[in-house]
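Before I ask anything, here is the structure I am working with.
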Amino acid sequence: MKVGFIGLGNMGAGIAANLLKAGHEVTVYNRTASKAEPLVKQGARHALRVEDACGGDAVMTMLSDDSALEGVVFGDGGGADKAGNAGIVGTLKKGAIHISMSTISVALSQKLTTVHAEHGQRFVSAPVFGRPEAAEAAKLVIVAGGSDDAVNACVPLFEAIGQKTFRFGMNPADANLVKLSGNFLISSVIESLAEATALIGKAGLDKQQYLEFLTSTLFNAPVYKLYGTIIAGQKFEPAGFAAPLGFKDNRLVLAAAENLRVPMPLASLIYNRFLTLLAQGGDKLDWSAISKLAAEDAGQTKASS
Amino acid sequence: MKVGFIGLGNMGAGIAANLLKAGHEVTVYNRTASKAEPLVKQGARHALRVEDACGGDAVMTMLSDDSALEGVVFGDGGGADKAGNAGIVGTLKKGAIHISMSTISVALSQKLTTVHAEHGQRFVSAPVFGRPEAAEAAKLVIVAGGSDDAVNACVPLFEAIGQKTFRFGMNPADANLVKLSGNFLISSVIESLAEATALIGKAGLDKQQYLEFLTSTLFNAPVYKLYGTIIAGQKFEPAGFAAPLGFKDNRLVLAAAENLRVPMPLASLIYNRFLTLLAQGGDKLDWSAISKLAAEDAGQTKASS
Amino acid sequence: MKVGFIGLGNMGAGIAANLLKAGHEVTVYNRTASKAEPLVKQGARHALRVEDACGGDAVMTMLSDDSALEGVVFGDGGGADKAGNAGIVGTLKKGAIHISMSTISVALSQKLTTVHAEHGQRFVSAPVFGRPEAAEAAKLVIVAGGSDDAVNACVPLFEAIGQKTFRFGMNPADANLVKLSGNFLISSVIESLAEATALIGKAGLDKQQYLEFLTSTLFNAPVYKLYGTIIAGQKFEPAGFAAPLGFKDNRLVLAAAENLRVPMPLASLIYNRFLTLLAQGGDKLDWSAISKLAAEDAGQTKASS
Amino acid sequence: MKVGFIGLGNMGAGIAANLLKAGHEVTVYNRTASKAEPLVKQGARHALRVEDACGGDAVMTMLSDDSALEGVVFGDGGGADKAGNAGIVGTLKKGAIHISMSTISVALSQKLTTVHAEHGQRFVSAPVFGRPEAAEAAKLVIVAGGSDDAVNACVPLFEAIGQKTFRFGMNPADANLVKLSGNFLISSVIESLAEATALIGKAGLDKQQYLEFLTSTLFNAPVYKLYGTIIAGQKFEPAGFAAPLGFKDNRLVLAAAENLRVPMPLASLIYNRFLTLLAQGGDKLDWSAISKLAAEDAGQTKASS
């Protein structure tokens, strides 16, 4: 397929590379243009403006937050040089698909659904689970929401970048809610492991052995293995997923829950963990560094992070 | 081995049966004697008093709480007919082993370690993970704490009843702390799934499909599958592990944490969930019924439990 | 003084009446014009457009939330009939003062400070403590923030409507933060009384007597008396301050705290109480109705609200 | 009246002195005998054994916790020299009154009610509100529970030591529940002030001025003035009421609530604050030092305590 790709950060660069490997014709755009170079070497075309990435069958976006995505969609993000031609929404062909892979708010997803429909374009929300290593290895788990025809059209792209795609109905925003709730569940795992290891650690047991026990039995799941290793080793740098991004997603979950009037006290507890971590200067750490706080509350020596 | 077995509830009956199947010579005792009958048919001897089950190489106990265990150990539990000969501690041979499989407090485990040593007996703490089905299928996960010689001597018994044994040091109470922390982690899974499904449920998504997605990817672990199914189906009866027992374990975690001065705010949150469930009459439900509360707080119709 | 008054709700009507009583020349505006009638009878002029209330030395605004205030300030609120002349900011004379009495966000207060300064106008933030009865009785407590000259110029107005004015620095937004934090403290009183009365109530003690005891000794403060009476009597209608407004203020506190990176776990707890109350249909109740939830969690019969 | 007084700590010494001033005949006992000296100089008799303080119309106890009180009541506390004659319960005359002023558990109060009745003695529970200064100044607030005849008989004693007595029914344990709930309410004030001052403090406002504002208006109550001053000044030593005692009372509230099945999430939040303070070495500080934690979570420099 002929596809644009906007956003070449930790995640986007790996995804775009896999699209190229699978034989798709990819035009990449990134605000900091130098990040496009490695992909150009792999065969990508380089768009200097957002709209130059919007001429194909689809354009995929992988950006850090609502504001960055709104910038490229509505033209404030560098592509707004011509009136009426600005941003994705002003450039994408009728019938072409905007595939949003960013973890954005439910509200923005709903807005994009409406706006793209008004412009005769199609919108698919396809947030992913997986850290940069998984993006590079084409092992992402994709959660897709959108009309059947649109999601079906995206299958070749999803196959190039992920291990599995799950579809959640016709409403793109549902995929975003599932993604946000998934990040909530992961952060719950981090908090629960943090409290449990603070407990057994203060009792003098070996944290490493404890986590090996957990992850070889009841908690034999990727997420426990990944975060159990990080927590036992207290290795929060470099950040695979930085604390401010984890905090952002936590706030998006709470915002969606507030709109639906669903109290989530555990999400609130985690919210305060993130706020504490950031108040104490943890912006550069992996989001799993909220796990330090349980140990610190228990009076255990601060990790050397 | 020649072994006594005390406590033939949901869990104990299955365990004792597997000991018999493996060829051990088992003498069973239960306060309500009728529960011994099926095991007698399978070849067990029936002890009418606690001390009649204490004549072998080891005696295993699987009781509901600290108080029940103290009863049989110190003689208030039905076996105290002769002064000086009462209970396990007054009956067990020198060198024989008391294997405690109950989920008891760290404090009681420490006390039993001391008391048995004073009587020349050995004490192994070997709490298990697994519900009654796992006990019956000899698929329990055993966490064992005690001196090497004592734990080694128990291996033939553990092999008869479990799929795997993990050893945590020489201090029996460490095994109890690991067990309690494990139940805390499971209850955290329940709470997090409860909040996440309340959220996506109120948004109109299908809970069953959502949980299938979770458990086939990041949360591909037995505990998510088991509780995900129960929560999606809202089937809390019959109770595999009753709410009052879940509450008891939650309190034992918090008691251990208090003694070690480890704040566990998520455990406190779950504490209040249990207290709410019990205050509203949920004593007969499975402990995973605390998951109803998130949905009820969100104004969703009460489950027909 | 010659002053405009915009917003004749529960609070505003009483305040405007007291300005008239004190001899000020008051021009009132309200979106629903009929609410102006009683005040016109008391001597007020009636402005049919926002800008008709902006011709004097000052204009006071008492509106329900950020959005309503932004409407009248920037012209979306009914006054935007002429370009360049819309809303307060387009109409108020140079040097005249906009006195904002609404409980608004710290962020909007900061924005208004800047915008009014750009237009050569002065901005004073003067949120008030007190329920409608206090507004009517000229017993409000006023928290004022703004430049000395501006706040000094407002003194005759404040004297007409309140019992006392406290000044918090030159930055108008500081007054809003103090106001929001004050509402947080009041909601903490409500939550603490709710839990305490659920406890002593379930033990069979008399709630009325209990609250009389508290408020005649250690907790001999107006806020305990007011809310103690409401909670003991479970009388949440009619709402003096409706639950959705209490929720709004709770969210504004948390938003200000988030911007400053200050975790407030008690405010989060109260946030979830409000969200639960609203999810269960409590929109018409007084904000102190969050106190019902502690009793309901304890399994006590629901109040007949 | 002829009265014994057991427990001459911070609180007891002041109370006993006031009994003497009012003309009562007081025999004092304290485990560390030297503390009796100042009172002997004021006219008290000195009992060297618990039972020597139990010969009068009443004996008052003011001890630090359940265990200390059980010691003197049942004879483990130094007075158990003669079999059958040990402790208060073995010594007090029939019809004489044990007045327990300590903050003890509801459960112990119930037990003492039963045991004293079995011995033909009367039991009055009369915990007090007030710090050592109030005890010295005879300004305590007394909460009394017990049979009418018994409480009436105590009136001359209460008048000598307090400013006011409130009676809560015939059941002594009710007075203890009221006392415990009162301490919960005070700790809620501390937590709410801690979060509010962390917020306005990080915004750069003056904490002193802020607390003056609060306590001169809505929160014009002794408890806000006392703790507001301590919190604004960050002066947690010397401890008027030490953190471990505050923690003890918090646990007693939660224990009573658990028995009654009343979830108290705010009390749980405060529980974790205390546990954190103690885990971090705050044993010597005033209980209001839990207020430091909100500021520390917000990344503000640690107080020099």
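Chains: A, B, C and D, in written order; residue numbering restarts at 1 for each.
Going forward, a contact is a pair of C-beta atoms (placed from the backbone, for glycine too) under 8 Å apart; a residue touches a chain by one contact, two chains touch by 3 or more.
If you're wondering where the values come from, they're calculated on a predicted model, not measured in any experiment.
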Sort out for me whether A-C or A-D is joined by the greater number of C-beta contact pairs. A-C
Please pick, from A-C, A-B or C-D, the pair whose interface repeats that of B-D, with more than half of the contact pairs identical by residue number. A-C
Tell me, please, which chain's centre (mean of its C-alpha atoms) is farthest from the centre of subunit D? A
For copies subunit B and subunit C, work out whether under half or over half of the interface numbers are shared, and give different or same accordingly. same
Report, in whole Å, the distance between the mean C-alpha point of subunit A and the mean C-alpha point of subunit C. 39
Nearest whole angstrom, what separates the Cα centre of subunit A from the Cα centre of subunit D? 54
Touching two or more other chains in subunit B are residues 257, 261-265, 269, 272, 275-276, 279, 297-299
Residue numbers of subunit A touching subunit B in their complex, please. 129, 141, 143, 164, 166, 168-169, 174, 177-178, 181-182, 184-186, 188-189, 191-193, 195-196, 198-200, 202-203, 205, 209-210, 213-214, 216-224, 253, 256-257, 260-267, 269, 294, 297-299
Looking at the complex, which residues from subunit C come into contact with subunit A? 251, 257-258, 261-265, 268-269, 271-272, 275-276, 278-279
What does subunit D use to touch subunit A in their complex? 272, 275-276, 279-281, 297-299
